[in-house]
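Below is one structure. I have some questions about it.
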Amino acid sequence: MVPDKARLAGVRLLVFDFDGVFTDNSVYVFEDGREAVRCSRGDGMGVARLREHGLEMLILSTEENAVVSARAKKLKLEYFHGVWNKLDQLKRILEEKNVSLDQVAYVGNDINDAECLRSVGVPIVVADAYDEVRQLGAYITKATGGNGAVREICDMFYNARLGGDGGV
Amino acid sequence: MVPDKARLAGVRLLVFDFDGVFTDNSVYVFEDGREAVRCSRGDGMGVARLREHGLEMLILSTEENAVVSARAKKLKLEYFHGVWNKLDQLKRILEEKNVSLDQVAYVGNDINDAECLRSVGVPIVVADAYDEVRQLGAYITKATGGNGAVREICDMFYNARLGGDGGV
Amino acid sequence: MVPDKARLAGVRLLVFDFDGVFTDNSVYVFEDGREAVRCSRGDGMGVARLREHGLEMLILSTEENAVVSARAKKLKLEYFHGVWNKLDQLKRILEEKNVSLDQVAYVGNDINDAECLRSVGVPIVVADAYDEVRQLGAYITKATGGNGAVREICDMFYNARLGGDGGV
Amino acid sequence: MVPDKARLAGVRLLVFDFDGVFTDNSVYVFEDGREAVRCSRGDGMGVARLREHGLEMLILSTEENAVVSARAKKLKLEYFHGVWNKLDQLKRILEEKNVSLDQVAYVGNDINDAECLRSVGVPIVVADAYDEVRQLGAYITKATGGNGAVREICDMFYNARLGGDGGV
């Protein structure tokens, strides 16, 4: 069930988990312990277009690795990583931004996203989210993480804000 | 619908977008912000064979990252990257080469390719192009980007120029 | 056939092969001979949650490359790699830990895992294990290696130890 | 159609193309032009077991990049890369080894393998070989390149030499 456009248009902050949302939840591990992840250029284009339309977005991740910040910087997104209690951190962010939980859309895929998904106005999980969070009643994207889920979500908000059908 | 051979044979310049065409639109992100992409050796073989038959090709990409130039150099293709207005750039290129838009085939996959696809003689999109450009009426390849789309296109032009069936 | 919960709850040590279990059995090869592998953040979350519930786990791999130790360290798992005779090594480990073979669950995917799979109390192979070890009668996971097999196994033990259904 | 065991047992040299056979024909391209490829640990295990049974194997590749030699060294395989005329090179190799073309099995996937495939006693192509070489009448593996084709071929020769069924 796609959230109705009025509800989407009321969202003031779009919060993304990183691994499993911007990626397919894989991590490439090198001999020296460095890591890499696979992201989508199409997601990047969706983020860029939505930002131009003025929706604020940020990344909130438990993962400590610097790939999170590397990708966030490329996409010009605010980010918080190495966050163990995501809901506490989210509340601190909202207080500073003067946004209420009800005005937040949160996108996640795993058990450490459950509290945030239960608390925000528009909870969203990717198509390949773990069963334990799929059962929370959030909107489930058609695309899987790293393979277009972020683009799908950005286009959904873009079209809701545009009031149109998103044609080129 | 495959463009007829006469039309293909009339093409004087074959222009490729990079991400999503030479790649599956993924980007591998490292801790220090460097990037990598996945390309196809089979595409490379198709490009090499078509170049030997004398068709001019080039890469025109919005992406600024050096992976574009790295791949273009390996394939001995002319390239332009970090291009924000692709149609303007294409027109400048054509003026210098004394080629008309009608004599150009353009291969793209996303919304930043829409203007070029609308303007050239032979517009082509990959099988997994975004809906917004799939709806433009361009020829759609069977293969997806990074997984044979470039090879398929090169073989199509090779066979049209050869007048044969491309048998080994 | 899922092993019954009593049997799972009796396991004192969970031993994982690495390649093909924590990975899809692929290896990324670089020009200088260095290697990388693709692992799953979701597996990591499953391992972390199960360790908090007190089940001891370790990695036992024939592969000599340092990617094994890199991943094991990130997951805070004990590891043994470059092991040519896995059953001999496993017996030495068990002697030191005062655990019997019957109290061990072993997860593998290829012919060098056959002896261990034949010897332990709870043998497990991933969905895409080679036929020669799939025929040994071990429990076969639903997920393939590198794509959730480790998470599935961790969740299975977690739920067995919890006595519940693993709800968030 | 699997070649009969007598024919397989008569093979004295097993020659592999590299890209598209040991890999899925992808290449990972980095900003500085370096490359990487994805290979299979399972292929490596098949090669190791077959070598212990005494079948000589080598890699013959047109690609110049050092990833070919890096993988060949890890698998302890003789290799020739940067080879533009593969049949000429193969003939030179055979002369030195005193092996006839009829005693060679050759595994390929693309048009630059066509001459060798036409010339050897046991021609083999991977499941995802290009149509132009699939039509040459070679044995076609079930597995695709980089995803088990080499293991399948090694196991086929191993079983033919063993005279058994390859049980663990």
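Letters A, B, C and D mark the chains in the order given here, with residues in each chain numbered from 1 onward.
To be clear about the criterion, a contact is a pair of C-beta atoms (placed from the backbone, for glycine too) under 8 Å apart; a residue touches a chain by one contact, two chains touch by 3 or more.
No experiment lies behind these values; they were computed from the predicted model shown.
Student: Going only through chains that touch each other, how many steps at minimum separate subunit A from subunit D?
Tutor: 2
Student: Mind listing the chains that sit against subunit A and also against subunit B?
Tutor: Where subunit A and subunit B might share a partner, there is none at all.
Student: From the C-alpha centres, identify the chain that is farthest from subunit B.
Tutor: Relative to subunit B, the chain with the farthest C-alpha centre is C.
Student: At what distance in angstrom does the C-alpha mean of subunit C lie from that of subunit B?
Tutor: Computed value for the inter-centroid distance: 44 Å.
Student: Using mean C-alpha positions as chain centres, tell me how far subunit B is from subunit D in Å, no decimals.
Tutor: Between these chains, centre-to-centre, one finds 31 Å.
Student: By the touch rule stated above, which residues of subunit A touch at least two different other chains?
Tutor: Those would be 28, 36.
Student: Classify the chain contact graph as line, ring, star, complete or other.
Tutor: ring
Student: Which chain pairs here would you call touching?
Tutor: Those chain pairs which touch are A-B, A-C, B-D, C-D.
Student: Which subunit A residues qualify as touching subunit C in the complex?
Tutor: Per the stated touch rule, the residues are 19-20, 23, 25-33, 36, 63, 110-112, 114, 130, 132-133, 135-136.
Student: For the complex, which residues does subunit D have touching subunit C?
Tutor: Within the complex, subunit D contacts subunit C at residues 28, 34-42, 44-45, 49, 65-67, 70-71, 73-74, 146, 151, 166-168.
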